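Next up: the structures, one after another.
Both complexes below contain chain A, partnered by chain B and then by chain C.
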Partner chain A sequence: MKVDPAMLRDLLDERLPRAQVRAIQSAYKDADRFDKYVAILQQRVPWPEPIVLPFGEHLYIVAKGAGRYVIKCDCGQELGDYRSNWKLEALINVRATPAELAEIYPEKMHGHPDYNSLREYFCPGCLTLLEVEAVPPGYPVIHDFLPDLEGFYRDWLGRELPGGPA
Partner chain B sequence: MPAEPAIADGVRREPRVLAIDAGGTMTDTFIVDRDGSFVVGKAQSTPADEAVGFMASATDALAQWQLDPAQAFPRLVAGIYSGTAMLNRLLERKGRRIGLIVTGGMEDMLRLERGIQTYLGYPYSDRLHVATHHHNEPLVPRERVYGVRERIDLFGTPAVPLYEEEARSALQALVAAGVEGVVVCFLFSYRNPVHEQRVRELAREHHPELAIFLSSELYPMRRDLPRLNSTLIEAYAAEPSREQLQRVRAATREAGAGFDLRIMAAHGGSISIDARELGRTLISGPIGGVVGALHLAESLYADRAERNIVCSDIGGTSFDVSLITDGELTIRQTPDIARFVLNLPLVQVDSIGAGTGSFVRINPSSGRPELGPDSAGAAIGVCWPDGGLETPTITDLNLVLGRINPDYFLGGEIRLDAERARAAVAEQIARPLGMVVEEAAAGIIELFDETLRYEAVAQVLGKGYSPVDYTLLCYGGGGPLHVAGYTEGVGYREVLVPAWAAGFSAFGCACGDFAYRGDLTVDMPILPAADAQAKAGVGAFISAGWRTLRERLAAELAKSGFAEDAITYRHFARMQYLGQLNDLEIASAHGELVDGEQVDELIASFEQAYAKLYARSSRSPELGYLVTNVIVTAAVPVEKPALPAESRQASGVAATPKATRPVWWRGGWSETAIFEQSQLCAGSAISGPAIIESPADTFALAPGRRAQLDERRIWHLEEL
Partner chain C sequence: MSARGAIGWEGQSLLAMLERSEQLLAATGRYQGLEELTLKRSDPIRYEKLFSRLRGGLVSARETALNISASPIVKEIGELCFALYTPEGDSVALSTGIIVHVHTMSDAIKYMIRQRYEENPGIAPGDIFTNNDAMIGDVHNADVQTFVPIFWESELVGWAAGVTHEIDIGAKTPGSVPIGPISRFEDGIDLPARKIGSHDELWRDHVLAGLRGTRTPMYWTLDEKTRLAGAHMIRDAVERVIAQEGVDVYKRFIREVIEDGRRSFQARLREMTVPGRYRAPAFSEVPFAKEAQLPSYARRDTLMHAPLELRITREGMLELDYDGASAWGHHSCNCTPSAMQGAIWVQLTQLLICNDKVNDGAYLALRSNFPPGTWSNHSNPQCSTGIAWSFLIPSFTGFVKSISRALQARGFVEEVLAPYGLTANAFQGGGIDQYGRQSATTNFGLSCVGGGAKMILDGLDYAAAMWNPEGDMGDMEMWEMIEPFLYLSQRVKPNTAGPGRHRGGSGYECLRLAWSTPFYEMQNIGNGYCFIQAGLWGGYPAATGYRHNIRGSDFLDLIQARAPYPQSEPDPGASELAAGIAGRHDFDIEATTLPEVMAHGDLYLSIYRGGAGLGDPLERPYESVMADIAGGFLLERYADSIYGVVPGDPQATERRRGELREHRRAKAVPVREWMKSERERILELDMIEPVQRMYAESMRLSERFARELRAFWELPEEFEFPVATPEVELSKAMLAGNAAEGTREASP
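== the complex of A and B ==
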């Protein structure tokens, strides 16, 4: 299915009617969908480095040149090399007591703090909430995703990684 | 039943039966005369007042016989309506403003719905693709749903009394919210309706004008969500249709008609527009063909004990299969319509998304051709430039192979561009497959035919029957084009193709009995230890259910002026092994079960039906049985359209082709004889390869097949 950039933009902003979303979900992807999508994201960020891979809400892997790839927030804040866990660079708020959980849950609707705590990760640059982990207390920080950038570009997009081999 | 030239014989013509199909855009009127000839009229639909569109359409039809409504209507003896207005109202969420009262704690039932409703109607690929599933917008928003504390347990005993104060304030709030009606649906109300009835009494005391719809009265069957859905749809979408239908009826009466306008209902009978359960007419179009097939079977096989038919319908978007076994339609008790599961017994029609408009694509990941499941709908294919499509459809492939005549599509009303189709097929299909255009097109048509063949055979085998016991009937605009393909090598008893295949569904709608159906849940167990006396008790309980339903249906028919003694009742029970999940509909020879022996007869019939359908090892008589629902149908005789009856000069008459053209059959082009349907007389026999064209459809006879036309203008397709 051919999806034009205006439609992708609406999809991204959650303005597309349900029927159209479903049509996109159910149809084959057009071959250049990834590039169209990245182009829209690139237009929206205020910094010049090329986006290599969208990395989740507000986060991107960008090429810094000379084979260096870092994770960057919408606002421009950098969160380290893409191979390391960006969460270690973020501001962290842990909700581990009944009082802290009660701030965001109705009474008796949250997990027991002995078994479950919430860890909220914020961007140090713009204070946007980037991720929440629900884990047993003391559980190691989860490294969500370690992409094979070169493999993705070579095998799926059929070209070399822009910005040189990582 | 050929399309006949208009002749100035309005005086001789005797129009008898009228059928209206009011679609979203066009209203078609179908009028049959005493000899079985018919005319079809068309006019634009007028949703604001359907009577206007209907009269325009009827006038258009009658003009072809040089008649006007004032001359023709008094001579009509039957009029049947089918339409999509109610369904559209539901799909577009343009129904009435309704309030809902449920058992306290169940207020979110519409928002939670059942998981299955989030993907109903999806093709298999999307059912597996969970991200595509989504919830329906509730027919009643949460703020107009009120919970009232009460509880009837599953035995029908009040476990918690109705909190009348809560019911009063709920009604008060709903009236203040400006509702046009209130639906009341309590748990287990089908076992004991006292609480629902009490709510209605309270409403009458305080708000006498308020329309109240009780689930225990309209659809008293188990399964909470389908019961709620059905009752809601009755209030939300069906009631507004009643007004429209009354207008149409008024228009027919004004023109002098004496017949009582009926509507096709989901169970295969037609009912009066005054019927209490109008929601039963929510869908009628798709089952028209099946009802027509039943009528055909009764006429063709009057002398045959077993009347088994596979009804197969190919339209633009889907291939629909339904079985008639021993002269009975198959009924599905909780079908789904417009993404709602309902308690509306519906003629079972199984569909796959494979029609003549289905898109054909090469899957970029696997490199294999794929059919549908989506389709071009009214846009035909790439061959129709006005449709603006770029993806080829099955019709495009048929055009590439010369099987469809681009200058004679819909009688030449629409010109098709064969070159445009060919270019698209070459580029998008043949090239990625690395094949010659015709070979690729023929291969995919073969794949299409095979898909249909397996679907039809699977329906028969899946029910425990064998194709050799069935006649396959083919209709729908695309049926005759593919019937030779999808019946090839299957040993059906006979393969029949009416010469009016494209109009067969409309014809079928005019064939409906005047028949009501009543359903009631009894959930009556027959325990393994039951002796004759206990069984007699069960029999008495079932009989009481039947009696209730008979009274209800007699009252419905009385509205149309039929006395009790004109009604033919039939009695059914739905049964299952106690603890199993699927019940079967069993006909009973008795309308009153007076002793244990008659209950044993019913059990024996159930055992027999079960043995046909399921493995012997899954029987579990040691656990006993459960009679889930009791059912009564009540029918009165009505006139149905006559089948054409031509005189046949001889059998195997050689026909004269109107032209020849090259058509690609398996393996290559061959110069093929082209016949005109209306020029062929009864007894004509044609051997493939040949094409028989008519304005409405194309009948493709592949090499190795032969077709003979009988006196009723039905083709009998044989393998040589």
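== the complex of A and C ==
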């Protein structure tokens, strides 16, 4: 289905009627979606570095030049090399007591802190909640996603990484 | 070889055909070594029509045959599926329904071929076979499969197969997902790939054995007829296609369509995802320390670790790896590779191949690792898999989460989903029903829990099941006919959905009154101690559940006195049921329990879970939060603490959200700083035994996991959790024994 940039913008901003969303979901995908999506996101961020890969809500992998790629929040905060776990550069709050968990869930609906707690990861710049983990005590910080940027660009998109080889 | 001679193509045995097929795949990477899809290329319309006719035959078989069944979970809920296979057991096409079994049935056919069923007991036109053995190819005993060979002249041209989910499987405890078994000898009726009929008729001894083996004989026997009728309809459809198109075209088609499925899947991966490594561990619990009737080795609490790692390679392969998973256990939640591979199907068809040809082609484009000795591949012939779903469902929450990261990176925001809800509670039991008859039930209200939040929409409320794309809770009136429990209420359960910019789909609750039964064993099955999986990008996990069972209640006295009575429990922190009903309240987070008797007048609250959230809750629109309160999805006091919403005042909401962000700044600490204290906690072993045992099992079963854990926390090289892991040692001894004997029992 042809999804033009204006339609994609509306889809992203949740302005499309449900029937149209459903039609987009059911149709074959538009081959150039990635470039259209990145173009929209690029217009919306307040910084100039080219977005190489959208990386979840608020985060992006951007090209810093000379083959350096970092994870960056839309507020401008940078969170390290894309091959590292950005969470290690974030702020964290751990909900590990019944009282802390009870701010989110009613009594008897938040599990037991001995079994697992909630780890909230915030952007140090804008304090947006970027990820939540629900893990037992002592679990390593989860490295959710390590993209193969080179493979994606060269082998799948058929072009070089915008900021030079990583 | 039987007197009939080989039944494969061109005089080959089936085993020779299977081995040739596997050799060609290994050598070329392509199904049957096909380079060109000549039929598709030369006559694409004919090719598509062929697929449509076979697919239509399968869907028609399902929709027609289910009317034979009397079981509500088959007839109303649609817990059945049909599929067509090549002679070697590769799926060509499938119907709608519980498509997890497309691959499990493939495993069962290949088992029969490898065990030389062609020679003994023989495979002839009109024969009927069955299987429900998870080590051979299944999830658990309750999923019963029927196979019918399809012949054209003297050659086997394929297999028609069907599966139904039985409402009771005659296990140690009642129901279709029995929580009671601690070994496979308690899992119920056992049908390890057996021949059960000839000349299109079921053998009487098999029929009678089934009637005697289950608590629900009528459902059992009608389900069997359902499967057989559907399989025969598929056979008829295939024979019609061959009569019109010619057998050579049919043979070519079933080869090409699987290779087409493989190529199509790889193309879809390239089109919609990003190569790389994705991780999303999940957890679940088996709280059995309280269960006094269990033997000592099973009477303990267990935390399950499912460290899902998904890798998408540059070459377009999908690799699913559970290296680091914790051990199997003396409970019924263990899985086999066949079950795990089946679950991949359910996920792929709903995430990546939802609008293309679905068959074993996709299977050929993925690799999986389910390490022996872990719960994901117990490799222990004595191990129970009665409620394998109890681990299978949580463990695959990471799959949807990981694929969604890829979908968002490519811009397919309309497809992004946060993790689905756990399909629990299982309102399940058995005993004497309201008609004085032996009965059992598994209420499929659990097939309508909350779906995961989407990137552009809230999750589906009380309408989703991970394992059945067509989730349906059935009618209360129908359940009341087969269960000696009346519905006092069925309504939205507030705060079950995981919060987020988009919240997860909501769960719901039912309050049931035991009615006219002197004895009905009831259990609870679900998560009460731990969340199974967090949401995406700031979305929180769905709430955990709890149990509230009231025995010896004064409810009927209240009715007699025409006094008002509570009908629900929107807030367990201020329970009207606890305050308004006298009796023995089991009201706690023990959400998984072995059966205990209930009788006329007792009450059972069944809580169905929500889905996980997506995005920072402080970004949820004010109007959406207000709608949640008005709709009963959110208790009003949580509008502030989760969402920063001041009801009735959008301006004050903005100020409040600013305050909460500052509160985050004041409370949060740099991760690296927090890691120092968490490291000390590990070194001091400041965690409960089940958590330590989970880590110890994972470390002893996976050198890589042990190495990574020690490296992450900068622990000494010799660091270990000093707890016993008897199942790990047992597995290692068994696997070593298997290796010494040169058997392949561990990997069916």
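Following the convention adopted for this analysis, the second predicted complex is superposed on the first by the 166 of 166 C-alpha atoms of A that agree within 3 Å, B and C clash if a C-alpha of one lies under 4 Å from a C-alpha of the other, contacts with A are read in each partner's own complex, and residues count from 1 in each chain.
Here, contacts are C-beta pairs under 8 Å (C-beta built on N, C-alpha and C of every residue); 3 or more make two chains touch, one makes a residue touch a chain.
Predicted model, so just to flag it, every value in this text is computed and none were measured.
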item	value
When chain B and chain C are modelled together on chain A, clash or fit	clash
Touched partner set for A:Asp4, first chain B, second chain C, both or neither	neither
Partner chain(s) touched by A:Ser26 [first = chain B, second = chain C, both, neither]	both
Touched chain A residues, chain B compared with chain C	C
Partner chain in contact with A:His110 - chain B first, chain C second, else both or neither	second
First, second, both or neither for A:Pro137, with chain B first and chain C second	second
415-423, 451-459 or 631-639: stretch of chain B that collides with chain C	451-459
Contacts on chain A seen with chain B and repeated with chain C across the two complexes	25-26, 28, 31
Of chain C, residues touching chain A in the complex	270-272, 274-281, 283, 285, 303, 312-314, 355, 402, 405, 408-415, 455-457, 494-496, 499, 501, 527-541, 543-546, 571-573, 587-589, 614-619, 635, 638, 641-642, 661-662, 664-665, 667-672, 674-675, 678, 681-682, 686-688, 690-691, 694-695, 708-709, 712-713
Chain A-facing residues of chain B, complex	125-126, 129, 131-132, 134, 361, 363-365, 374
Chain C-touching residues of chain A, taken from the complex the two chains share	8, 11-12, 14, 21, 24-29, 31, 33-34, 36-38, 53-58, 87-94, 102-112, 114-116, 118, 120-122, 124, 126-148, 151-152, 155-156
Chain A - residues contacting chain B, complex	18, 22, 25-26, 28, 31
